[in-house]
Amino acid sequence: MVRVLRVGAVVLALGLLSLPGTAAPDPVAAVALYKAADRQQVLESAARREGRLLLYSALSLEEANPLLEAFTKKYPFIRAEIYRASTEDVALKVITEYRGRKYLADVIELSNIDLGKVQNEGILTPFLSPRAGAYPRSAKSAQGYWVMTRANMLVAGYNTRLVAAADVPKSYDDLLNPRWQGKMAIEADDQIWLASLWEFWGEARAREYFARLGRQGLQVRKGHSALAELISAGEVPLSPHVYNHRAEQLKRRGAPMDWTVLDPVVAVPQMIGLARRAPNPNAAMLFIDYMLSAEGQGVLAKLGRVVAHPFVASDPPYLGRGFRYITLDPAKFLAQFDRYNGLWEELLVRAGR
Amino acid sequence: MSQVLPPPPLWRGRSVLERPDPWRLVPGLAAAAAAYLAFSPVIFLVYGTLAHREPGGILFINYLRAYTAPGAARMLGNSLAYASGGAVLALLLGTVLAWLLERTNTAFRGGLYVLAIVPLILPGVLFSIAWIFLLSPNIGLINMAARSLGLASAPFNIYSLAGMIWVDGLHNSPLAFLLMSAAFRAMNPALEESAWVSGAGLGTGLRRITLPLLVPSLLSVFLLLFIRNLGNFEVPALIGRPAGIEVFTSKIWAATRRYPLDFGLAGVYAVTLLLLTSLALFVNSRLVRDARRYATVTGESGRGRVRDLGLGRLLVGAGVLVYLMVIVVLPLGVLLWNSLLPFFMPPSQAALAALTLGNYAAAFAYPQVSRGLQNSVLLAAGTAVLVMGIAASVSWLIIRSRARGRWLLDVVATVPITFSGVVIGVGLIWTYLTLPVPIYGTLWILLIAYLTRFLPYGVRACSAALVQIDRALEDVGEVSGATWGPRFRRIVLPLLRPALLAGGTYILVVTVREFSSSVLLWGPRAEVFSVVLFDLWQSGLFQQVSALGSVLCAGLIVLASGFWWLSRRHGLSPG
Amino acid sequence: MVHVEGLAKQFRVGARTIPAVRGVTFSIPRGAFFTLLGPSGCGKTTILRCIAGLEQPDTGAVWVDGRLVYSRTGGTAVPPHLRDLGVVFQSYAIWPHMTVYQNVAFPLEVRHRPAREIRQRVREVLELVGLAGLETRPAPNLSGGQQQRLALARALVHAPKVLLLDEPLSNLDAKLRAQLGRELRAIQRRVEITTCYVTHDQAEALALSDLVGVMTEGRLVQTGPPQEVYARPRDPFVAGFVGAANLLPGVLQSVNGLALVETACGPLRCTPPIGLAPGGDVLLCVRPEDISLTTEPPAAAGRNVWRGVLEEIVFGGESSEAYVRVAAVSLRVRNSGATLPPAGSTVYVAFSPERCVAVRPSALP
């Protein structure tokens, strides 16, 4: 009886939600925070009625499609689709949509910085997933707004034909060696990398380091993955911040590419959150559960990503462990974005010209 | 014998000859549509520049910020240099080729007609990437070939202003070619023939007769290309950024991706672009007013009079071949080559051993790809038809009617050229998130974006042709008793057919590759092919992008060939 | 002066091939005004363009002033700008971005004549065509007639060997056409330039030319002085196209000085046809103005006389035309001035055998 009432409440809430302009945000929260024993059945039966899911994510198509396929195999009654773009663009899109009161997104999975932007706008709503229990506290939002799903590790990537094994840099300071003059490329918008190291080293050391790095005549390229491709093609011998999983992929394909850890590695976590006005909250929760479960994480790991689940090993495992990594508090970064951007432009982008 | 006629019975209404012509509404509606399309994003954009500011800032603080930012002057200089350089190169190539195709019996005319359109088909992203792979200072294939021939260092560096102009000029030369072809076709060949029989050789005739007569068209097309380049995004992003050359669009793009959202700044740059362009368009409309002087189609057919180049034919044919190679074979070749490799490698033994079709399999397995293709084709067809329909009416209003302020309509209809796709995208997002029209995230908003973006090209194409058509041809129709509707349908439209087809073709292919507004406006299930390509590129999946690109090009070459064959059957092209 | 030999040309339009000119041969003597006359599409403009060098024939040869300018077999093709011709196009092709002076000076400028010579020559020619004093006017601001004179001036300024004109008067009104036509002829005589003129207007051709070549469907069917072409057509097409004609089919009975032909209206005598045997079919041509109309039977005096019914009268100002039905045939009779009997009355038509020509009924191959 209670169950029927609960289901009825959910259904009624959903019905109200579908009426334009009259929905209160509560129905989504109700679904998100539901934690009774019959949660799975409730979610599934309601999701059956919803039938759809829209994921906003920065996962590449190469990765998203198998993931969605696997999810759909598990829940065949949910038609899962992805809206995919670069992480900044997705954040921008969902923020713009909410400002215009258009509510399309169900689940949002972005970098910590960009999900931070989204959270600042009040777009996320806290959720409870039984799968989140497996994750350490550092990988979760205290209030339950997000959980980490995977991470991009920024390492030094180099072309094995153009860089002799003996010359491979072993630390950030090695990058200041004159042999790298004009031979390094940086990604066009990697302020996060600069900011993370800046926070870690402190103002004095960071300023001196980056000023000297800038005088190395850095080339600028857009896109981390594109950067990795260019290195493997031989356009640029070295970059201090490529995604290690991408470098690994290329290496596996036989490209003359390899990567090495410079201590500390800057990690950019990717996190998953639930949209406050998700049109399909039940399907959304099922998806979040899946993404956080060992099963879903395993799918990502098999695709070569560095996953966040403590008990799911990346493939190969050394992608995600064996080195020290640092992350940056998104709030701090966003608050000082202009400053970091200015430093980025001044020290690295313009100095090299 | 005067007799007062009884008043007509009330039920009779007007006589047959005075029956209200519903077609009269068409130009007005078309003008209204054009105005709406042009104004709605502008209004919201300007509103944004004034409204989106920190609390306490003065009304125009965004403008101050934008214009006093360091590097603003250099950005302006770069933008102008890049835009005009690319326009000049494209115009040069396009005009020469149009003349060769329309006025001589050069070899490879058929091939030229078909293949010259190919660069239009390639998404700007693909074309730029292909040239990066060809002219990259270290791994560019052309540079490597030059080095293997003995040159000490790579002669070409694509990451420069010259590189940007080169890629852009090449990419736009088909547009110049199409537009100038239409202009040539509308020109009375007797004007050139009379110079010929008067004793002028080829060079003198070109210099003293052909070129001066073409000046209005040339200027018009130059302005179009210049404005278009100002709003170009692909080349500045892919080639300009690494070269350290910033232009308006890259600045706008950067401003739109800032957080906290700074649409104000983006809007200011967009508004500045708009002002620059309106000026250019105003100049152009003054040019076009002098239409009567250069009316050259007076009922004589303008087709089929070609000049025999004699021995020069081979030399010229070789030149055409080189152009086709540079424009089509090289970029497509690089794409094809890249698509068959697991990662980018210059040609070598090892590379040949590593050839694989895996990229094709992977790329076409994505459901987004087939859906994107479908949507792209659908939108392209719809856009082409709607644009040319509205454009024909609007350009008629601008050039033919005696309505007051029609120069204003010219400005309004053509102003969206100034909007980079980025800017239209942003403007439309704000417009349709605010207005209660539920098209956001659907194919409809993409259609509106394309209509907004490409209507100016349709109007330009129709105007360029309409300028060359004597008003008398329509006056005859009017005197013969035809109201506006039949006159327009049966006299103007058929005479405009070359322009309509050329313009429609251009819009068809260029809509498929449009992406800078698509990338902001697409939604789930409403993705288009170019966005899918860009997405894969951003994810660094170069090989799969190359695979898709190769297939796209192959498909569109087939399409273009089919179109050429069809137009030949109906005697539209110089067979 | 101009000799065209075996000229033939085909055009390809879409998927069809259209033969425009089929094996045409003619000569234009020095200083003569030669007109190619024919209906639209008969190939006359194509021939003109071949002489000018703007089209290349498929076969044949062209000589101008004894010099071979085109020969398919010989592989010669002198380009138009070296053929030293003057051409007036149907649309005049006046360059709109130049003034009157600049338009006319152009052919001399491209031949690099000294400036003084150019100025003088232009002045002379403008005076010749009647445009003196309009040097500085922009060309598009001229009237139709003035543009035509300008085109003529431009064609003559460099003293070409041959003047080619492609229906230059067809865009003008009738009065202007007649006047300009006469002026054109006068100028041509004064300058003594060999001229090839193309028109579909047979009155114009007859009025202006020294020689007329009648064309139809790509073939040149008869060439000769206007009087001969008019009075002695050798082809039914010529008979019907040049001037008005009554055409009667008949059968040739015998030839005895004059020919005796049996027709539907009755037997008649006419000038004997060339190369036709008795018993064969012939087509008789008698001009309306050669038929007299009377209410009483006229004196025969060797003429052909028939009785018929006057059906219709068409008033034409300077003359009237009467349509008389004789047996099953309607004859057109032109009567100048005199009042005609009312329609329906019985009349007599008479014409002399010398004014009646017999031709082979089918067109020459």
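Should a chain be cited, it is by its letter among A, B and C, assigned in written order, with residues numbered from 1 in that chain.
Following the convention adopted for this analysis, a residue touches a chain if its C-beta (ideal position, glycine included) is under 8 Å from a C-beta of that chain, and two chains touch if they have at least 3 such contacts.
All of these numbers come straight from a predicted model, not from anything done at the bench.
Undergrad: Comparing B-C against A-B, which pair counts more contacting C-beta pairs?
TA: Answer by contact count: A-B.
Undergrad: Which chain's mean C-alpha position is nearest the mean C-alpha position of the whole protein set?
TA: So the chain sitting closest to the middle is B.
Undergrad: Could you please state the distance in Å, as a whole number, between where the Cα atoms of chain A are centred and where those of chain C are centred?
TA: Centres of chain A and chain C (C-alpha means) sit 87 Å apart.
Undergrad: Quick check: how many Å separate the C-alpha centres of chain A and chain B?
TA: That pair's centroid distance is 37 Å.
Undergrad: Using CA atom averages as chain centres, what separation in Å is found between chain B and chain C?
TA: Between these chains, centre-to-centre, one finds 51 Å.
Undergrad: For chain C, jot down the residues that touch at least 2 other chains.
TA: If we look for residues of chain C contacting two or more partner chains, we find none.
Undergrad: Residues of chain B that touch two or more other chains: which are they?
TA: none
Undergrad: Taking the complex as given, what residues does chain B use to touch chain A?
TA: Residues in contact with chain A: 136-139, 237-238, 241-242, 244, 256-259, 261, 342-345, 354, 362, 365-368, 429-430, 432-434, 440-441, 519-520, 523-525, 532, 535-542, 544.
Undergrad: Note which residues of chain A are touching chain B in the complex, please.
TA: 54, 60-62, 65, 81-86, 88-89, 91-93, 95-97, 99-102, 104, 117, 188, 219-230, 232-236, 246, 250, 253-255, 257, 334, 337, 349-350, 353
Undergrad: Note which residues of chain C are touching chain B in the complex, please.
TA: These residues of chain C touch chain B: 11-15, 52-54, 56, 77, 79-87, 89-91, 93, 95-97, 106-107, 110-111, 138, 140, 151, 154-155, 158, 164.
Undergrad: Going by the contact rule set out above, which residues of chain B touch chain C in the complex?
TA: 188, 190-191, 193-201, 204-205, 208-209, 212-213, 215, 292-296, 298, 300, 304-305, 308, 310, 568-571, 575
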